[in-house]
Each structure stands twice: as structure tokens, then as C-alpha cells.
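Have a look at this one before I ask anything.
In order of appearance the chains are A, B, C, D and E, and numbering begins at 1 in each one.
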Amino acid sequence: SGGGGGGDGPIQITMDAEWGGISDALTQSLYDAGLDESIEIEILPGDFESGARRSEFTSALDAGRASPDIFMMDSGWTIPFIARGQLVNLSDELSSETLDYVQNDYLPSAVNTASDPESGDLFGLPLFPDYPVMHYRKDLVEDAGYDPDGENWATEPMSWQEFAEMAADVWEQNGGPGGDFDYGFTTQGDNYVGLACCTFNETMTSFGGAYFGDHENLFGPIGDRPITVNEEPVHDTIRMMRSFMEGPDAEYAHPDFPQISTTDLLSFTEEPSREPFTSGNAIFHRNWPYAIPLNLDSEEFSAEDYDVMPLPYGIEAGEGEYEGTGGAAAPRRRSAAGTSRSTRTPRGSTTAFRCSRRSPTRRS
Amino acid sequence: MASVNLEGITKRYEDVTAVDDMTLDIEDGEFVTFVGPSGCGKSTTMETIAGLTLPTEGTIEIGGRDVTNLPPKDRGISMVFQNIALFPHMDVYDNISFGLRLRKYDQEEVDRRVEEAADIVQLEGMMDRMPKEMSGGQRQRVAIARAIVRNPGAFLMDEPLANLDAELRVHMRTQLQRLHRELDTTIIYVTHDQAQAMTMSDRIAVINSGVLQQVAPPLECYNEPKNLFVAGFIGSPAMNFIAGEVVDDGFVSTYANVDFDPATQGVTAGQEITVGIRPEDIYLAENAEKAASPTKAFDAVVDVIEPVGKEVNAYLLFDRDVEASAEGRGEGQLLINLAPDTEIDEGDDIQIVMDRENIHLFDQSSGEAITHSLE
Amino acid sequence: MAEQAALDEPELDRGLIEAWAAKMISNPDRAYRATFYVATIFFLVTTLFPFYWLLVVALTPRNNLSEVGVFLPAGFNPAAFIEIFQTLPFHRYVFNSFLIATVATVAVLLVGSLAGYVFGRLQFRGRNAMLLLVLVTSFFPPAAFFIPLNRLFNTNIEVLRPLISAGSLYNTPYAIFIPLSAIFLPLSIFILMTFYSQIPDGLEDAARVEGTTRLGALFRVIVPLSAPGVATAGVLTFISVYNEYFFSSLMTDGQPGSWAPMLEGILRFQGEFEVLYNLMAAASIVAVLPVAILVVVAQEKIVSGLTTGAVKE
Amino acid sequence: MSTDTRADRGGSLLARPLNWLETQSEEVYAYVLLAPAFLLLALVAFYPLIETFRFSLLADAVASADPFGEFIGLDNYVDLLTGDTTFTQQFISVSTTDSFPFVGFDAPFLQQALFVTLAFAILSVLFETLIGFGQALVLDQDFYGRRWVRVSIIIPWAIPIVIQGMIFFLLFNPTIGFGTEFMQWLGVFGDNPLSSSTDSFMIVLVADIWKTTAFMALLILAGLQSIDRGLYDVAKVSGASPWQRFRYITLPLVAPALLVAMLFRTMDAMRIYGLIDATAGCETVPSLTCLVIIALQNSRRWATASAVAFLTAIVISGFVVVYLLALRGNDGGVA
Amino acid sequence: MASVNLEGITKRYEDVTAVDDMTLDIEDGEFVTFVGPSGCGKSTTMETIAGLTLPTEGTIEIGGRDVTNLPPKDRGISMVFQNIALFPHMDVYDNISFGLRLRKYDQEEVDRRVEEAADIVQLEGMMDRMPKEMSGGQRQRVAIARAIVRNPGAFLMDEPLANLDAELRVHMRTQLQRLHRELDTTIIYVTHDQAQAMTMSDRIAVINSGVLQQVAPPLECYNEPKNLFVAGFIGSPAMNFIAGEVVDDGFVSTYANVDFDPATQGVTAGQEITVGIRPEDIYLAENAEKAASPTKAFDAVVDVIEPVGKEVNAYLLFDRDVEASAEGRGEGQLLINLAPDTEIDEGDDIQIVMDRENIHLFDQSSGEAITHSLE
């Protein structure tokens, strides 16, 4: 076995904390899937927070700690671990059959983040992706005279321009800033990792902006990449967001976008931004799919008054200067996979899906 | 500078009455010494006067003003504490000048006064010692200096000289008397040293178990003690006591009978009395002429001889059968003072006379004095 | 003569504020008590309000958080206090921290007493240098110790194998209380040093003449007489260790059975997305209880003037 | 006669070494008693610190298994001091309504962190000392229910930093707490205090004062309680007013405890991190320790992190010197 | 029970030499009293013997064993501290029994001994008082009880009776002497009370500025003081001194000339000497017969009269021109003791004689005694 002294003990798998609750079912499904039952499995709940989990693994690996044998990573930080050579090369370890299956049937972008950018070797198994979606109050939108179903909002993304004007209109009809709803739109504007990785990144990308130019630069080489955040599309994104919060007349704001929210966005992470929506204080809300069941449970509106749609886009896909920019937000390639330090890699991907409420990674 | 009047002062702790209904008027400029056995309430009375402890009952006036509820700082007093209580974080200079600095005297004045006080207590050149670098006596002197550096209306001094050697004590005594004269300050003083009490005080207040026994000039207390307690307490070595009974023509006791006319002394035959006679009023029969009015001679046996420098204390037994009590003088034991060159040995049979002029009679049941002389 | 002496002693100088106060209220005693009560109430309100608000949050049902009031919860959901034990073995986390904090406190007080005694009461060469060395530890952010300690405590030490199953200190209470004892030791040394140094020498002398060793005198006389200081050092250490997160979370894998600390438990109520503020609040209130009890007990030791009248000097 | 022959009864295991110790010189005795403390410190503090210092002289190696690269001497320090080191997160105040005094957005992170740290340390220790002293004076009195008031005042100190952070985070969360409105009503805060550096700084400051004042109060209280009550009697008789008694007796006698409390509070305040992390975040209110953590956890630039840690220590030691000078001359003093 | 031998003990503090090269052998069972002015090093010597402070130089033996580096607990001593030092957190019982409990005596034995000790110091019924609830004297008695409850080889007592009243003091003195006799314990004692020093001690050790001046039985110190310091220190009121010069047939001084044969006294004409004469060795000329060998009469003026109970101190001036010094006795001033009934007033001209038998001569430059009697 791989880890320092993991020979006799159980295989330890660290997922995030939510998996802790289903560890028995998970273990059982691994045995059901054919894992030798003499191999003991222990599922450890890792930290909820992605960053904390990352530093935990960093220090565990640095100290040469025996556990965990398998852990769950975020796509945002797979590369450093791969680059440091701290993970087992699955391309060497897995059967070619399995490798093929992963490489052909899994979402390519997900597989990419689990592979060495240079050699292409696989170091992790994609587990599930996460898409941001726009949650909205269908009842209010319809009352304001729009027709989400007729206009196929559920599948056809609209542009930020269209969205903003529509949102401003709906908000206005419900009394605007001083009215029944404190916010037309809520999203996450706090200064935290979610802004950089996702909220801001996806908007910027949809306007054709990028941090480091083309997509291939995303994974390095560190310190040797073009810095492209000081370009027009990025400025536009920021100015649009300012308009959303302070109106088109504010300093540096984008004059073409109306105000649909307040500066409260600046202190919102996911939950605080969802809170006003669930409690009937916001009309539109950007968040991950996890919020769907919560919103469905809301006492402020009934399930049929609520729907989700893709995030708006800035410019059409492909119109951006850099590869992969433009268009509506791409799935956030989250939680790319348990990366194994053990040769015995359980195939738990689908089981995990069945037990948790996340969407599977496989193309369906 | 300030009279001090105590009116019915009582101080009770949970189960102890430390001071019991004490009424005492101390005149402006008077030097009064509190004496009494350990734990009799001297310090407590002082603290009550200082305002450090509130009396359970009674009122206190200082300088004619009712200060019962006034804080100590407004009573115009200064105090030497029995437990010295120097400020451990201040050097000698700071300790002494504390009260002056509080009153914002100018530096020069402070320096002058501190120097003067240090001079009086002979602590020159120790100004920057810290208390814990000093000997017991030196600390006590700092405490005295701290009190005398100010000129308050009244000084309260609780055994200020307890830890000083004889020479210093005499010196300090003189200095305190001088201060007393010059500043005309009222001084209330506690001491266990009879010589101090005798020589310094205008009046002595004898306290027992919280109750005032006698307040009188020292010699009056010595010569005319008001009761048995005062008689036994004042004077060192203490007065000899002999229990007896008045008969028609004097008194009788197991060992000594003296004849006098009961009528002239205000006693009646049959009264139980205690006879008191001080060691220095008993003479060897051969020196009977030294007594102003000697009694007839009694037989006695020398039990123990104790030379104390300029004189010799001789412990006598009236009778070989009397068992010498290990401590104090029991019934039938007497202490007399002899000149150091007296030729006498332990075990000798001797004859003694008493000076009738200095025989005290006390009522045995009440303890009150009846007469202080049989002449 | 008398007059002159009177002039000699000027009026006590009154400060500005004092003069004002004296003028304002003729009865200084009552004014004093009034100030005292005002101050007490002010301090009580300011210190207790955020805590009270925490209770308000705990009692507010999860989805009503945005309606939570200043003084009253939005809704009333005491079940949160039960839920915290159902969702997790929270009591086990609390127990872990309580035990570790107790052991660490005892260790710190013991080791700190020895050092405090030495620094506070003995003169020896190198005293100042060594004292500085103790202090230096506190110059560094705890993170500065982390990498080497992480390596150290994860190292498999063969000698330890018979004692600790894994052979390394990771996931054992030692990995938590050893570094925490060391990290909070300097504070205790300094506190104990100041208090021990103030006990009159005479009392130690008396104990030694009566037949104790110096250490005996330390524990029989100096420590009891420094009770306020010792209790304070104890309370401060206990609370610090009990609430410590940085080391304790890094030295265990977070499982209650692996001696994960109380805070780890509280943080379990915080998902990446959904933060169960009400449960976290309820859990914190529960977690504060042992400390509150400890403080109630310890403050009995913080009594005044223990050494008053001990020596005549 | 039954004379004292029992002195050497020492039956217990400890007795023998203790008796041996007693016969040693004061110096040997001191060293022996210090041994446990220094053993513990050596293992858990001195050894790691030496290691960390060694690390700080190495290069970062972000992309290899070993986090440390070759020996580069003081380069890490030089880069930090010249502002050449860049961090993944830079101090930004997104609110346009205010800017942080003295340091601009573009100032090097170290400079920003230094400013935040020093300002925080000075202000928090100042207020905590004053308020803590006030609380201690109140708690020093004898009154009915004192034990409960004591517990109440100490309670904030018993609340974990994360929770304390959560309380203040929620209080100033625009949708949940009333803190923002209240402060705006007072005319102090802008719209989004938690994303404004100035406002957040104040929130962190207040939160810290709320919590750690108890620390000061507790220590000062212990100091007050240890004062020999007899000295107050002497002072009263000497004519000292309550203020003068405080000034000349209480203050100097409580000074050692006070200085120790302030010393450790200052050192602690200069290492502030947890509270910031739990309320406004290191990006809004960066402190020196924030830098260490960012370098340590976000980018595995451990050599740089080690260097920042040592720089922090150097800054703190500057402050400590002031205290050591103050402690000098005090009983049980340091230097 | 144990001899105590000091060999060249020196104790220096930063700038003070508290004890200076002291060599002293105290025999097993001896009662030695240290006397000397405040700050002379008595307590420091005690502390060195107890092992509380290490001597800068010198060695200490107790019971023949070198204990210089032994901790206090192994020296087999007990001590009453000048500053009392009760454990404030323990009640009287616990304070007294502390040493016994440390030694794991069984409860019964402890109780018995504590009771006995409490009895001796008259503190029965106070067993559960805390020190701060007691008077100064009561505390001191607890301290004494704490020391005597054990039976160590040697007692060190630093002014154990300073805060006790005369009666208690006498009582305690007797008790200590009894203990001393019964237990045969070595006792080293410090007191400022001459009477105590005189009556209790086998030998007195007179110390000045850290230097041992004379170690001798009390009367020897009194009658044959080794030098000017001892002569002046022992005896209260102190000896009178007159500076003078030896001439062929006696000595001369400004005020008094006495004739004697220098040769028999070991002085030579021209030598500067100091003449010492105790107050009780000066008589009114009219009582000259009381002197064993009176000198010729000198004129004197009564300056101050101070009655002290059983006698009267009279301060005399040899001459109306002598300026009475405010403190102590200056050149030309004399103090004499008179019987209390002597008819004499301040300002009277009188004639006095000295007792040649008790005239002491000291070498002025070295201070050493030359002779203690001119007969």
C-alpha cells in the first residue's frame, strides 16, 4: 500500500463533512460494487470548507501522515498536488478498461482538472460538478408581464443587459428599493475565495475577460503567465456590478445597466445572499443548485412560484478574445475526485451520487 | 491642638467585645497612655479614634467636632501602627514624605521636614533604602518618622518603641516629649513599657477587657490604684497581694497580721480584703529604719534570688511549707527588691517588715481600693 | 503655637473631579454608591448583551434568522439545544476539550509555579536572560510553530508504539495538550511570578524553619496566599486551551473519538454553503457552561487581602 | 526528653531528591526548578522556532513535494521589506465611500498589515486596559451578588473566538443583525461595514475589546485583591483621598500584574488573526498574522510564511522592550 | 540539646555589612541573649543560624555538625520571628500545629502538644481565630506557641515578647526559663528589654555594628563591661561618662577630679581616659555612707526630676553653666537614681559623691576598659 504505514489499518477516505453522515451506506455500496470485504474502509468527514480541507491535506502530506489514503479535492486545487508529485498516478495503477471508461465517459473538462497538464496522466477521479444557476420568483416575473415558460428561460440564457433591465423592471413594479423587496437581485460579492473562483470569474468570463488569458494558462506555469485582468471586459464586469449595486449614475458605474440590488452584496457569501431570497426579500438570486431544495422549502412562496434558469451571459460564446470565454457560465468543476494514494481504488462514483444529492459527473 | 472625647464607645466583633462602653475625655495637648494586658482593646480604641473602624456604639469628638462618621483623612490625626505597615513599594524618603506629598507641600518644605524627622529617629543616610532592606527597629523608626513629619491635631501611637533598644527608646522618648511640648499636640499612646508610661504621660488610662479601669496621672495610678487590677498591672515587678480578713484591730491572713484601726480606714471587721504591698515597700528587718512606718517583723525564707543589675529581686516564701508556684506569685509568696550588695542567699531565713504607709487595702469581692496607706 | 500648627497643615488638595463631585452631591457616600451601581450595570449590559443576543440567535428557528430582533428571537425554537446533541456527539467534543484543558491547566500551573517561584523569589545568574527566553515564545504567531510541530507530532516514534497505537502523537490528546501547555505557559509563569514575588519573605522563612522544604513552602504557603493569582492563571489557561482551535484542529482528524476539540464540534454545524447559525449559537452557549461553572468556583479564590496582617513590618 | 528527631522522616519517593535539592546553591536550585518549564518550551517552542527560522532562509518551492527549496539567505526578508513579495490576496476595500487612513490600496501588503496590526494593538490594549481596570475596580468591591457579576464580566472571555466572530459577523450582517443600522444611526458606519476596511477595523476592534477586556479585568482584579488592606489604613490616616489612595497605593502595587496583563495583551493583539478571520476576513483587515496564514495555507509558501512570522516577532519584540523597561524596578520585574 | 558554633560569620548586603566576622560558641543548653542597638545585626545573625540567609563567609555548626549549607528544616531549630510571620490563611490551631503536622505526628499527639503550648502562652479558647482577628500581642503569642510546640535542639527567638504587657512578659519569661530547664534546650534570644536580658540569660552577647563586643554572663557585662560601648549599652538608665585625663595621683576632668594611684590601675599619667559611673553608684553627699567607698563630694545642680514609680531619676549638671543637652547626657551632665521620697527640687544645688568601688575607667582612644573599680 502507498501511505506511510497504512498497511494494517483500514483504508481511510476523507470526504467533506456531508459525506460523514452516509459513510455506512457508502462503505456498503463499495463492498457491493465488488470491493474485497477484508479491506476495511473508514470514511472521515473532512472540513466543510474547501480551503481548510486543502491546508489539512497539505500539512498531512508534508508530515508524511499515514491517513487519509483517499481524499476529496476541489478542482480549484488539484494541480498543485499533482505538480508536487504527492498523488498516485492512476494512469499507472488503474486497469486500462477503467481508464478508458473515465476518459471517454466523464465530462472532459472534469477529467482535465484531475490530470497532469503536461503528461495527461490521470491523478484523480471526477466525482461531481456544480453549476451556478439563477434562482428567481416566477410568480413575480409573470405578474410583471414576462413569460418565462414561453421564452424558454429554463434553457435559453439571456444576456446580462436583458436580465438587468428585466430584473429592474420587476423590482420596480414591486416597489423598487423602498418597496416590498429589499433586493431585486442577490449574488455573492464578499471578498472571499468564492468571488475569485466563481461569482466574479464566471461573470468576467462571460464578458470575454480572463485572469491569465487563454484557458491553458489556468494551471500555470505560475509567475510566467500573462496577467489579463486589466482589460476592457474585466472593467465592464466590475462596472456592471457597480451599477447593479449603486445605480448607473454612481462613480465608475456602467451607465447602461440599471440598479437591481444594493451594496449589501459586498458582504454576501452564499448563505447570506440566499437568505433574503428564501425569506421572500429578493426576486433574483445567483447560487449553486444546493439552494434549490432549500428554496422549495421556503414558507414565503410556494414551489410553483419558484424556478431556476442559467446565468446570463455578457457576450456570445466564442466572441471573447480568449479561449473558453463568452457565453453563459460553465459548470464549476468542483470536487474533482478522490485522489488515491492507494492502488486499490474503489469505484464509488455512482454510489456517492445515489447517496448524496449531487449531480453525477458522467455525461448523461 | 485637639481634644479627643470618647462617649460610650463600644466595639463588638462577632463574638468579642473589644471595647466596652468607653467614655474618656482627653484634653487638648494632653499626653495619654493606654495600658492594659494584651488583647484588652487598646489598638481597637485607637483605630476607632482614627476612623479606621466604626464603633458599634458611641460617638467620638476630635477638637470639639463630632467625627464619628468622618473618614480618617478628615480627622486631623496621624498614627503609628502597631504592625508598622510601611509601604513596601516606597523607599524611606517616600514613606516618610507620603502625607506631605499628598498635601502638595513644596519640595523644599518636604525635604526639610523629612530630614528633620529622619534626624529625630536617627535614620539619616538611609533615605533610599527599601523597607525590606531594613532591620525591625529601623522600620519602626521609619513608621514613627512618617507620623511625626506632619503636624496633626493628635498623634496616635500604638507601641511605637516596641522594637527599639533601651538607648534609642530613651532618646525617642525624649524626642516625643519635646515634640509634644513644642507642638502642643495631643498624643494618645500605647505601650507595654511601664517606664515609658510613667515618664511620658500626663495621664495613664488603664484598660482591662475593653473596660476603662482608671484614668489618672502615672503616679496616682501607681500610688493610688483604683482597684486590684490597676494595682497589679501598674508597677514592675508587680505589687504583692495577700488575701486577708479585717478583724477588730487590723487584718489577719494566714501569714501576716497587721494591726490598724479599721474605723479610720473605712473597713469593718469581718470584711474580706486583699492587702497590697509593692516590692520596694518591704524591707529587711535590719533596715527597718528605712521604712517610714514599719510594721512588726515577719519571718520569711528566701526562695529565689534574681539579680537585675542595679538591684536584686528576691522571691520570698512566708513559710517553708508554702509551695513555690512555678509561675507568678502564689498565696504566701512575696517579691522584694534588695540592693545588689545585700548579703543573702537562696534558702536563708530572714525577717522582713512592711511600710505601713504604703500598704493598700482592696475589697476582695469588688476589687475596689479602700485605702492606700494604713497611717 | 496651636494656630501655627494649624496653618502648617493645609487643606487637603482636592482634584478637579473630586471637587466637582463634592459640590454636586453633599453625601459622598451615596454618590459613590450611585457611581458604583451605574458602573456595574453598564459593565453588565455591555458584556452580557452580545452573549444574550447569541441566545436570541440560538432560539430563532433556522429560516427566520433575517427577522431576528434586537431583544427577542424571531420564533422560539429551544429544540436547537437538543438538536446539537442529536446531529453530532457534541458532548464528546466538549468532554475532549474539558479533559484536555483540565490536564493542561494542571500541568501549566504546576510547571508554571516552579518557574514562577524561581523567577519571582530567587536571585541567580541568568535570570533575566531566561525570563526573556520564556517571553520570546509569545512573540511568534502560533502558526510559526506549526510546520515543525506538525512534522514532529506526525513522526512515528518507535519508542511510543507500545504506548500509543499509531506510534505518533497525531490524533492523541498529547498532541494537543503538550503544545498548548507550552504555548500558554509563559503567561502563567509571568502571572505567578508577579504574585509569588509579593508574598512576604517572612512567611516562607517561617514555613522553612517549621520544617518544609522550599517547595513545601511554595505549595503550603505561597500558593495559597497567591490564590487570586493562581486562580486567575488557572482560569485564563483553562479557557484558552478549552477554546483553542488552531493547534487542536490540526493535530486531530476532527473525529470526536480522535480527541477533536469542542470548537471542531461547533464548526461541524457550518457547511460550506449552509451555516446552521442557530445550532452554532446553541452549541457555543452549551460549551460556555463548563467554563462558567469553573469561573464560579475559581472566583471564590479571588478574595482580598489574604496576606493582610501576616507580618509586622 | 522527646526531642525533635523527626525532621528526616522523608519516606516518600519525592523526599530524597527534594532534600538533595535543598542543600544546593540558590543557582542550582533555580535551574533545576526551571527545567520542566524549559523542557516543555524547548520541545514545543524553541525547537520549532529554530526550524522555522531555518525555513525562512530557504526558497519557497510551491510545486514540489518538499515545500522548501534551496538556501537563499535573507532574501525572503528583503523581498518582504521591499514590497517585492506579492500575496494571493491583497488588501482591498471595495467600498468607495471610504478609504483606510495612512495606507493606500496600492501599498505593499506588509505595510498595510503593519499599519493594521500596530493600530489595532495600540487601540485595543489602550481601551481594554482602561475598561478592564474599571471593571476590576467594580469587582473589587464587596457587594451582594458579586460572584455572579464576576462571572458575567468574565463570560465574554469564555466565548471562543470563532463564535465571538460569528456574533459580530451576524450583528453587522446587512440582512440579519441590527448593528449596521444602529451604527449608521449613530452616524459612524457606511453601508457595508463588513466590506469596508475602516468599519471592519472598528468592528474587529470593538469585538476584541468586548472579549478581551475580561482578561485584563481578571488579572487586574487578582492584583487588586492581593494588596495588603492594612496599607489603605495607613494611607487613610495619612490623609489620602480615595483618588490619592488609588494613585499612590493601588496603582503602584497593582502595577506588576497590570504590566504583565498589558504585556501579554499587547503581544496577543499584535498576533490578531482568528477574530479577523471570523468577522471581516483577512482581505478586509489584514494583520501580520493574516499574512503568515495566507502564505501558509493559501499558497503553501511556507518559507515566506516563516519569514513573516519572524518579522512579526521582531515587531513585537520592539514593543516588549518598552514593557521590560517599565517592569524593571518593579518587584518580580524582568530586566 | 545542641551546641551552636559560629566561626567567622560575615554577612554582607550590597553596601552594608550586617554581621562582621562573628565567632561565638554557644554551649548545649545555654541561654544566650543577643543585645545591641537597632540594626546591629542581631536578626541577621539569627537568620544565618536558622539557615534562612547564607553567610557571605564563615561556617556554622549546630550540635557539632556543620550545617552551613543545610536547609533550615534540617537544622533542628525553631524560631520566633521579629516580624511574627503567622500564616494568615491558617487559624491559630493550624499555625501552631504546622510543624507537627509536617512531621506527621499523630493527631492525638498534635492536639496534646498544641493545647499545652496554647496554655503556656495563655491562648486557650482562641484556637479557631484567624491571625487578622487578633491583637498584636495575641499574634505574638501564637508565634511563640508555634515555636515551642516542637522540641528542637535550639530555639531562636527574635524579640518574642516585644508586644506583650509587663505581666504577660514576666509570665512568659518564667515559662521560657522553665522550658529551657526542662528541655535543656539551647536558646538564642534577642531582646531590647534589659530586665529580660539580665534575668534570663546565661550569657549576654553584646553586638555593635555587626561586631561582637562582649560575651559574658549578665552581671559580668554589667559590672565589668569590656569597653565603652558595652558599658553604655548595658544598664538602664545608662552609665554616666566623664572624659578626663590621668594625672599623677588620679584623674582630672573639667568637672570632677578623683584621686587614685594610676600605677595600681594600669594607667599612666597623661593618658586620655573616660570615666564611667552608673547612676546608682552616685549618692547625695548626705547619704555618702551608703557608698562602699565614697569619693569627695562634688557640687551639682538638679536639672530635671523624673519620677518613675519606685525611684526618681534626677538629671544633674555639674555646673550652672553647663548647657543641658536636649537629648541624652552631654559632657557635664549626670543622671542619678534617688529614692522616691527624697526631698529635692529642680534647680536645687546639691552635693554628690561617687562610689569609688564602682568607678570604671576606659581608654579614650580604643574604648577598651582599663579597670572597673578604683579600690
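General remarks:
Just so it is clear, contacts are C-beta pairs under 8 Å (C-beta built on N, C-alpha and C of every residue); 3 or more make two chains touch, one makes a residue touch a chain.
On a predicted model such as this, the values are computed, not experimentally measured, just so you know.
Listed by label, the chains that touch chain A and also chain B are C, D. Central chain assignment: C. Criterion: smallest distance from chain C-alpha mean to the mean of all protein C-alpha atoms.
Greatest Cα centroid separation from chain E: this falls to A. The interface carrying the most C-beta pairs in contact is the one between chains C-D.
Here the spacing of chain B and chain E, counted between their Cα centres, is 21 Å. For this pair, chain A with chain D, the centres built from the Cα atoms lie 38 Å apart. Each chain gets one centre point, the mean of its Cα atoms, and the points for chain B and chain D are 60 Å apart. Averaged Cα coordinates give chain C a centre that lies 55 Å from the centre of chain E.
In chain C, 12, 65-66, 146-147, 211, 213-214, 216, 267, 306-309, 311-313 are the positions where the chain touches two or more neighbouring chains simultaneously.
Multi-chain contact residues of chain E (touching two or more other chains): 71, 73, 82-83, 103, 136, 150. Among the residues of chain D, those in touch with two or more other chains are 7, 19, 22, 26, 67, 175-176, 228, 230, 239, 241, 296, 331. Here the chains touching each other pair up as A-C, A-D, B-C, B-D, B-E, C-D, C-E, D-E.
Residues 1-2, 5-6, 8-10, 12-13, 201, 309, 311-313 of chain C are the ones touching chain B in the complex.
Residue ranges of chain E in contact with chain D, taken from their complex: 1, 54, 69-71, 73-74, 76, 103-105, 150-153, 182-184.
Against chain D, in their complex, chain B makes its touches with residues 47, 50-52, 71-73, 77-79, 81, 83, 85, 87-89, 98-99, 102-103, 146, 150, 156.
Partner chain B is touched in their complex by these residues of chain E: 13, 35-39, 42-44, 82-83, 133-138, 140-141, 158-159, 162-171, 174-175, 178, 192-195, 198-199, 218-219, 222, 232-238, 278-280, 292, 306-311, 313, 326-328, 337, 341.
Of all residues in chain D, those touching chain A in their complex are 62-65, 67, 92, 94-96, 172-176, 191-195, 281, 283-284, 296-298, 300.
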